[in-house]
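Paired with subunit B in one complex and with subunit C in the other, subunit A is shared by the two complexes that follow.
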Partner chain A sequence: MWRVTVTRHLLHSLAICMTLLFVGTTIAQESVSADQDPTTAAALEADAAAAASRDKFRSLDQDVQALKKEVLDLNRDLFLLEEELLFPANSQVAFFISMDVGEYFALDSINLKIDGKEVANYLYTEREVDALMRGGVHRLHMANLKTGDHELIAVFTGKGPNARDYRRGATLTFDKGIGAKYMELEITDRVKKQQPEFVIKDWE
Partner chain B sequence: MLLRNAILTVFCVSMLAVAQPATAAKDGPDPIVVNDPQYGEVLFYFYQGEYFPAIVRLLAAQEQAQLTEHEEQAELLLGGMYLSYGHHLEAADIFNRLLAGGADREVRDRTWFFLAKIWHQRGYLDKAQQALDNLSDDLPDNLRREAEMAQSQLYIDGGQYDRAIAMLQNWRGRTEWASYARFNLGVALVRSGDVDSATGILDELGDIDPFNEELAALRDRANLALGYSLLQSGQPYAAKAPLQRVRLAGPFSNKALLGVGWADAEIENYDRALVPWMELRSRDLLDSAVQESMLAIPYALAKLDSISQAADHYLNAIEAFYEETNRIDRTIGFIESGEIFEQFLSDDPLDSTGWYWRLEELPEGPEARYLYHLLATHEFQEGLKNYRDLSYLHKNLDDWQDNVEVYTNMLETRLQAYNERLPLVESALARADLDGMVDSKLEFDSVLKNIEESNDWLALATDREFELWGEITGLERAPALAADIPEAREVRDKIELLKGVLQWQLERDFKDRLWRVRRNLRETGEALVETQRSRRQIDDTMRLEPQRFGELSGRVYSLEPRIEGMKFRVGEKLAEQRAFLQSIAVGELQAQKQRLDVYTVQARFALAAIYDIAATAEEAGE
Partner chain C sequence: MRIKNVLLGIVCCVISAASLASSGLTGQAAPDFALKSSSGENLRLSEYRGDVVMVNFWATWCGPCRQEMPLLDELYSRYQRVGFSLLGVNIDDDSSKAMDMVDELGVSFPVLFDAHKEVSKLYEVGAMPVTVLIDREGTVRYVHHGYKPGYEDKYLEQIRSLLRE
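For the complex of A and B:
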């Protein structure tokens, strides 16, 4: 007698196992939540519970989305405030690094001196160099400078043609007038000479 | 202007980045021309997958109208980045707006496709359906298959099995998607009650030759489903073949082994049934198939009249279930303490966020084994993403709170320094008679003009020359030289000569000196103009600086409570999100515990029955 009871119960659980197989129908795509036989009361209950859980998730997700928006807006305001406070428009100078092609030079680091004083020494990660090569522009340094002439010296370190250590400098005397000024330090390829070229210029 | 190397247009970047942010940008033929450095800076962060700082910079640049050369591209990029960041509702708003303005059909399709995908994943089924409805027939083949699969799943989710079946039965193509489609068709048929048709499909799928792990798993799953379906419908002989096709080392092997045992048990071949069940004993008790095998083994032993061995196995099972229940209780306690969620994130720095993030590995510890399968569920993963994003926001606000405190101090210090310097500057300005200097300069101009007009070369003589000229003219007038004697005549001639030489030199240098003086005067004039401008700036600064300080202070002070309030709300939502994840995890564990409870009761009941039989037999023997 007892054996029959156990067998029935086990087979019942086997049936559940069978239907459970349908949880997540595919591996590469989304799952089909056909985890229970919808014709049974238990399955209906499970479906209702899943729907309730989905609703709860959605409600939470919507709140999180709204919060994200608010925090992003707040970050924007803070970012602008920080820039205005630290680098007022009249004295602001920003130094941007850009790279065009970059076949003959693999950038490691850049050292920046303004009027003989070292202001930045930046070591680039592989990910950052990749971003530069794709067209990203890195704001290497921001400074407050008085109006008048200033001397900028940039030293680029990395691997040059044939993966040899490469270190080159570029210099420019620039005039800082009233208002924000943007300087571009550009790394380009001189195809004819198969050498990199380093140019400092006003961002036009 | 900066001409970049071969990179896709920003529009394509923003669209494709949603699918493959790391590689999409490299393949396109069109160059990007970055005209605004701020736009390039956004790209710099975007290409590194750092969507949050990229979005903040883009919003700031838009606010300051710094993206005049990239206005439209920036808006599209923003939409793409919102989508990548998982900020799908905001992204949808942007795309809706931009697409309403008329966009290329391919772009529209891709946009709706990715929105459908993210919404489906996040459980926004109605929105996912709307997005799919917006797709045109020109969607590229690879995306179309995925979109159709998503559509069929939406039908199944919504109980529209007939529509799902109709769609999946007409599936074209021979890619691996076709196999998934067949499987989903089987699911839809089973759920619609047409088990016979489903059986044929699953059998066909269970016999495919898989060329990758995904297909092998799909094949296992089909075989398992088919095997159990046949078992349930009383066909144990037929059930064995598909169950034995399941790989022994795959994720479905436990259930397959259990099923093979039951197929043998159904035909009363208990010796054979014990073989797969005994194999399951050495496997992880976490699996329900392994748990069930612990009851199946004594059941088979009892059938083979090994009553005492059966009793031992039941006792073992009761003990094992008890220990497992205790471990589950400890895990529930650990989850409820919230510590586990901190561990989730501790090994994974918060430097990047976004839709692509997935927790691949659980923190080490005895609790991890209970939660592995939770990671496979979208709800848990998406919930974890939100939890992670909220943690990032909380940390971000924490950092800003520290910074704003520094800015407050900085502003106060600046204001103090300004107030200290102001009287000194005012006094220096009062001493500087700028108007008097301008008058003097004008007077000099007039004098110089007269000198030039009158050809007054003596006016431009040096001090020494002027002194010499005075001496010479003084000697000329000396009475002694008026005498008409040869000595006086000789001196007079010498004086005449000296005077002539000096005059000749002064007249020779006159134009040059005039030019130099005029140049100096002009430079003085320019310096005066510059000084007047500086003076006006100083006046402006003195007038506006208090106003500027006031405005900046106002902003800083208003931001402080804003950050505080936001941090509080993020903290609240973080707790809510954690509670949600806890409820999923604990619910899952409770279900496991309940199953173990049921098995324990069954084992105790069977054991009692065995003791009962044994006692009855003893009594009969006596």
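For the complex of A and C:
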């Protein structure tokens, strides 16, 4: 009986010790977490500030990008508006230069006259000629012309077959109606005659 | 009265020197042009975009040009490989005289002929020589009217600073 009582006391004491230990550990943990609180809070605040600053920068960057886009759009609109005002579609005439092969002619310059008045005199560099030979088209001149007949004279200067100086003219009388007009001055090779050919085409 | 005249003279000198050092073109996009060169090919300024370009307007009858050209050629030889180009624009009516002078001076930079003075008008050439420095973006940065010994040091400094940009 005495033994049972002692065992019971022992168990009781053990239980109390365990409870005290548990409570102590919990308090200690709580005190530790209470001790850590200020630093954690500061770190969290710093993180939040950094995130806010990042967001702010991102939004600033987006604003700058949007502004840049708006400037580009505005620039494009202004350019188109300027062209529409300076060269109204109804009286607009544009002259383009193209080259097909170009084996018998090395282009140096083109002189363009409309109704006897010189409107363009363009010197072509090696790069520009290369671009034309690769299929590029160059807008040589843009003008406003009244409706009616007009005379176009194009003088092509360069090196012909056997690297001889070559100068040829092409003339065309064209009718400017209502609406824009586009004309192409094409340099081609006439293989049979081994000579270059200069053709003025009217784009309908 | 005499002191007044002297002072007036000094003020005039300072004003004219200041106007010569700057030009209306400074800070503007360099007007584009294409001209026939001494080698026979046509050269266009816009094709040099990305390089620092010096355009030097000169004439055979201009003494300072003769003095300046060999010095410019030295700069050209030194900095050509790092993106510096030099275009000498001759404004004589007769290009054969210019060719003779180029041969005599032995300069290696491209020489262009502006017999019709169209490019000279574009660049408001009112003195001889005129040296224009254009940055990689195609903007006129420095314009020098005339030449005096020592100007080449200024050119050197400006070329180096533009190349560094």
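By our rule, the second predicted complex is superposed on the first by the 128 of 204 C-alpha atoms of A that agree within 3 Å, B and C clash if a C-alpha of one lies under 4 Å from a C-alpha of the other, contacts with A are read in each partner's own complex, and residues count from 1 in each chain.
Criterion: contacts are C-beta pairs under 8 Å (C-beta built on N, C-alpha and C of every residue); 3 or more make two chains touch, one makes a residue touch a chain.
Just so it is clear, the model here is predicted, and its values are computed rather than measured.
With the two complexes superposed on chain A, say which partner A:Leu123 touches: subunit B (first), subunit C (second), both, or neither.
The second partner, subunit C, only.
Return the chain, subunit B or subunit C, that is in touch with more residues of subunit A.
Of the two chains, more subunit A residues are contacted by B.
Touch check for A:Gln195: first (subunit B), second (subunit C), both, or neither?
The answer is neither, since A:Gln195 touches no partner chain.
Can A:Asn111 be said to touch subunit B (first), subunit C (second), both, or neither?
In the superposed model, A:Asn111 contacts neither subunit B nor subunit C.
Just subunit B (first), just subunit C (second), both, or neither: which does A:Lys68 touch?
Only subunit B; A:Lys68 stays clear of subunit C.
Taking the superposition as given, does A:Arg134 touch the first partner, subunit B, the second, subunit C, both, or neither?
Only subunit B; A:Arg134 stays clear of subunit C.
Once the two structures are superposed, pull the subunit A residues common to the subunit B and subunit C interfaces.
Touching subunit B and subunit C on subunit A: residues 127-128.
Mind pulling up the subunit B residues that touch subunit A in the complex?
Residues 1-5, 7, 25-26, 32, 34, 37, 39-41, 43-48, 52, 55-57, 59-60, 63-64, 85, 87-90, 120-124, 146, 149-150, 153, 156-157, 159, 176, 180, 183-184, 187, 190-191, 193, 214, 217-218, 221, 224-225, 228-229, 231-232, 252, 255, 258-259, 262, 265, 288-289, 292, 295-296, 299, 302-303, 376-379, 382-383, 386, 389-390, 393, 396-397, 400, 403-404, 407, 410-411, 552, 555-556, 559, 562-563, 566, 569-570, 573, 576-577, 580, 584, 602, 605-606, 609-610.
Along subunit C, where are the residues that touch subunit A in the complex?
Within the complex, subunit C contacts subunit A at residues 34-36, 41-44, 47.
Name, in rising order, each residue of subunit A that touches subunit C in their complex.
108-109, 122-128
Which subunit A residues qualify as touching subunit B in the complex?
Residues of subunit A touching subunit B: 1-3, 5-7, 9-11, 13-15, 17-18, 21-22, 24-34, 37-39, 53-54, 56-58, 60-65, 67-85, 94, 96, 98, 100-102, 127-128, 130-139, 182, 184, 186, 203-204.
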